[in-house]
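Look for chain A in each of the two complexes below; its partner is chain B in the first and chain C in the second.
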Partner chain A sequence: MRNLELVESVHGDVAVLTLSGRFDATAASGVKEQIRQMAVSGHRNVVLDMAAVTLLDSSGLGVLVASLRTLQGYGGRLAIGGVEQKVRVVLELVKLHKVLEVFPDRDTAVRALHTGEGAVL
Partner chain B sequence: METIIQELRATLAKMDMAMGAIHEAIFWTDEIGNLQWCNETFADLAGKPRALLFGHRIVDILPLMQDGAPLDANMHPVAMTLADGMRHYGIYDYAGRGMQGRIEMQCFPLNEDKTHCCTVGTVLYLDGMVSMSFGSVQGVALAESANAIGIVAVDGSLSWVNSAWERSTGLSRNECCGKSLEQAVGCGQITGEMLASLRAGGVWSGEVDSHNATGARRVERVTLTPLFSRRGEILCAVVVKHDVTALRESQEAAYEQEARLHAILEQVVDAIITADEVGTIEAANPAALSMFGYSLTEMLGANVMMLAPPDVAPHHSAYMARYVSGGEPRIIGIDREVEARRKDGSLFPVDFSISEVRTGTRRLFTAIVRDISKRKFWEQELLQLNRSLQAKQASIDETLVSAAEVQRSFLPEHVRQSRGVDFSWIFIPCDRLGGDMLGALELGAHGRFLALYIIDVAGHGVPAALVGTALVQALQHGAENFAADGVTSPARVLHALERQFPHKRFGRHSTLFYGVLDTVSGTFVYSSAGHPLAFVVRADGKLERLDKGGTILGIGAPLGYEEGAAQLGRGDKIVLYTDGLVELENSRGDVYGEERLLPLLTGHAGCDADGMIKALHADIEAFADVAPTDDISVLVTGMPSGEEKTDAKP
Partner chain C sequence: MTPTYSLSLKARPEYGLLHLAGRVLRALCEEAGMAGAEMDRMELALSEGLTNAIGHGRHGSVGLELAVEDGLLTMRITDQGPGFDLDAVRQPDLEHPAERGYGVFIMREVMDSVDYAPGAEGNVLVLKRRFAGKGTGKG
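== the complex of A and B ==
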């Protein structure tokens, strides 16, 4: 079992957090805190690149919801850029794909947060 | 005159015979190196009668070899003596007509007048040792000795060296001869001492430490012995060198090792005490002195009994005597914890090991003692702490067990038949307390409606269980309140819960499925908050997912809560579960998944609710070889196919 790896990068006024591995209870608090730090440091628009996330469980879902609330609190947005089929199924199961902005890939998500375009999933 | 001539001839003949009887070959040549005279031994060596040798070049008569190659005519000792008027000497290989082997040849200049130089020489056949004189044997022995031997002339220069000298210096005999003693021995200061000793007529002996041209170290034992004439004048001196480099280096290594050991003994924190067979202390390191509080004077010569506790000391001599007389060792080589006694009488715990050393006929015992007072103290502390932690853990465990009982009290009876509906469930929390809750609730007049719910609070353990319990209470309260007004809408119940359980209140979200079954009509109306883990299993095995609803509870119901409905007939069942079931992973990394669950539901469509639950439980146990990491809950409710269950009326 691979722990979740987090890599942060900045594309203009959009910050990207790239996750790879299992997004579960072990990783949850780390991701939540990372996004909170990003918001505090002025990155209100955050793209979560989840293309390399192999598993998303209810703790991971909780982080997505909490992070959405955090960024909205700062007047920002959270966009998901790219999800694997297994992860997409989980999001669809709990209907969060209708609540979160989910884009086919990271670059589309970054462009959307620049232009304010909506989700296309 | 004739008489004189006859006497002279007789004298010459006698001399000739005398010369012939000598074992050494003797010859002389004229100034160009032609043989003038030789004795019979020389003729035997040359392999021809004397008469045929006279007048021939000696370099032709005695062709010499050196190192396997013919000796250049100019290097022949006769040729060299004729050239420089000096004595020349050498050992050569000879392969003439008479015999073959090694010969030693010496050639001296003979000046008949100031202008003409002739030579006189001797040849000794070295391979004919048996017939050689004792003096010759000594000469050969010197030449062939394994020790390097040289002869130093009165002026301090080398006049002869043996083969071993050549090998040790890497220089040929000719290169060595003529060199000063200082050059030969390689150490100026010591050479001065040697020469002073030599002049005083004494023997000098000592070691010379030097480095050769390649920088390699060489230590030699050198003895310089003067030889005196009968009148007491120093004629020359014999130098004998013996290479002791390896011996010296091994001695130095041994000294260094001993020094290092000594340093270790001085520095080590363990006490090291050596005693003889009767326990008399022979050595103790500084750590031993400070550990036991004695001075070295007090320690040495005392008996080791003074270091043992009073109850052991009286037996100590007996122990040692028993062992020394061949008894079984009880402590030799064994590391053990015992008590030791300081000078002030106080006892302290030590790690103690003893080993026996035999030196010649003596038996010595070396004890290594480590003061473990601090370790013992901390062990005791740790033990105490551990006990206290265990007590606290037991108390926590007890609390958790009680809490789990409280949580279970919210669960319905395992198997229930109510108003023609049967009901069964499993609940497998991954901790003592779970974040899953499930249940059923009778609503409406005469309990016509059966409300079913399953809740999955994110996370598990105590916090999830508390939220789950609170949700159940709120749900039951809401459902009963609405039902009292004749309303059984699941969506309204979910909206009410949404208001009471916003995400920010507990920092965690929940998913929830809630449905109401009309036990008379068989209509099932439901909605879910992000929890479509629900199926209708038809009596014929067909499956229909109950996927209407909204998203997870607590984020403001952005999608609302859509209601769905299903009509149940005889033998149809509703199956609700949590994601802990489908995400269950075994040690091989396989996931239980809907791929395994759905065929099982189809396969057991003909069973009653409890039969289906039992089959599912058995399948989970067959699949999972490790403890689950999330709570697993499954609730099955159905309309039995049997006739006795279908006549229930409100």
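== the complex of A and C ==
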């Protein structure tokens, strides 16, 4: 898959951004801006479905940190729903798994943001 | 010794190169018998090195040489930017997440060696990793 594909959907009061492909410098500014726009338009609780992300590098990591801060600034939350092992390894390498709420899959993350539960991983 | 496999390419410093270079690297590593998880880490390091080269070297071109020889992967990335002091790059504070500063740390974590120095055609980043694969007696 060449570029990262973004698909936005809304599940009640939770917005979901589904990412497919490489989450690198090619895509970083686009994802960051899309999440900022979601927050500005009232979607303060956002799930990033990363189950189909094939590579996450430092450019993508930077977007995750920036987006977390953006949503927290609006009083909201960012949850990660589903990651492949190779993406989990990168999150753990820089210890972002301790800061981000990472759930086994998108639906679990959406339910958690609905109910206000914490991460289960 | 002649490398078992060696590929090189030169391109404009644009982020679109990341995808192509990743695919070329995976093809080379697969042919050399590298395990999938190791290949993922090598693609990650390559992405970090190329992203730096493209970001720092907005003029001229970016060069990439990939070679496998007797279980040793060497990735050589050339940029024509102003360069930087690799030894001066500080370790990120992993207890306090930041939006920048993970790239060199990741390369150092996943590669056996990371070197960066001026060369005849620009600044050269050399990433090396020994792996178990075809013909190494380790796979």
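Side notes on the structure shown:
As a convention for this text, the second predicted complex is superposed on the first by the 120 of 121 C-alpha atoms of A that agree within 3 Å, B and C clash if a C-alpha of one lies under 4 Å from a C-alpha of the other, contacts with A are read in each partner's own complex, and residues count from 1 in each chain.
Please note the rule applied: a residue touches a chain if its C-beta (ideal position, glycine included) is under 8 Å from a C-beta of that chain, and two chains touch if they have at least 3 such contacts.
These figures come from a predicted structure and were not determined experimentally.
More chain A residues lie in contact with C than with the other chain of the pair chain B and chain C. Contact with both chain B and chain C is seen for A:A66 once the two complexes are overlaid on the shared chain. With both structures placed on the common chain, the touch criterion links A:D57 to chain B and to chain C.
In the superposition on chain A, A:L93 makes contact with both chain B and chain C. By the document's definition of touching, neither partner reaches A:A39: not chain B, not chain C. When both complexes are overlaid on chain A, the residue A:L19 reaches neither chain B nor chain C.
In the superposition on chain A, A:A109 makes contact with neither chain B nor chain C. Applying the stated touch rule to the two superposed structures, the overlap between the chain B and chain C interfaces on chain A comprises residues 25, 57-59, 61-62, 65-66, 68, 93-96, 99. Listing the residues of chain A that touch chain B in their complex gives 1, 25, 57-59, 61-62, 65-66, 68-69, 93-96, 98-99. Of all the residues in chain C, the ones that touch chain A in their complex are 15-16, 18-19, 22, 37, 40-41, 43-44, 47-48, 51, 54-55, 92, 94-95, 97-103, 105-106, 109.
The touching residues of chain A, counted against chain C in their complex, run 2-3, 22, 24-26, 55, 57-59, 61-63, 65-66, 68, 85-86, 89-90, 93-96, 99. Residues 456, 458-459, 503-504, 507-509, 511, 530-533, 549-552, 554-555, 558-559, 579, 583, 589, 629-630 of chain B touch chain A in their complex.
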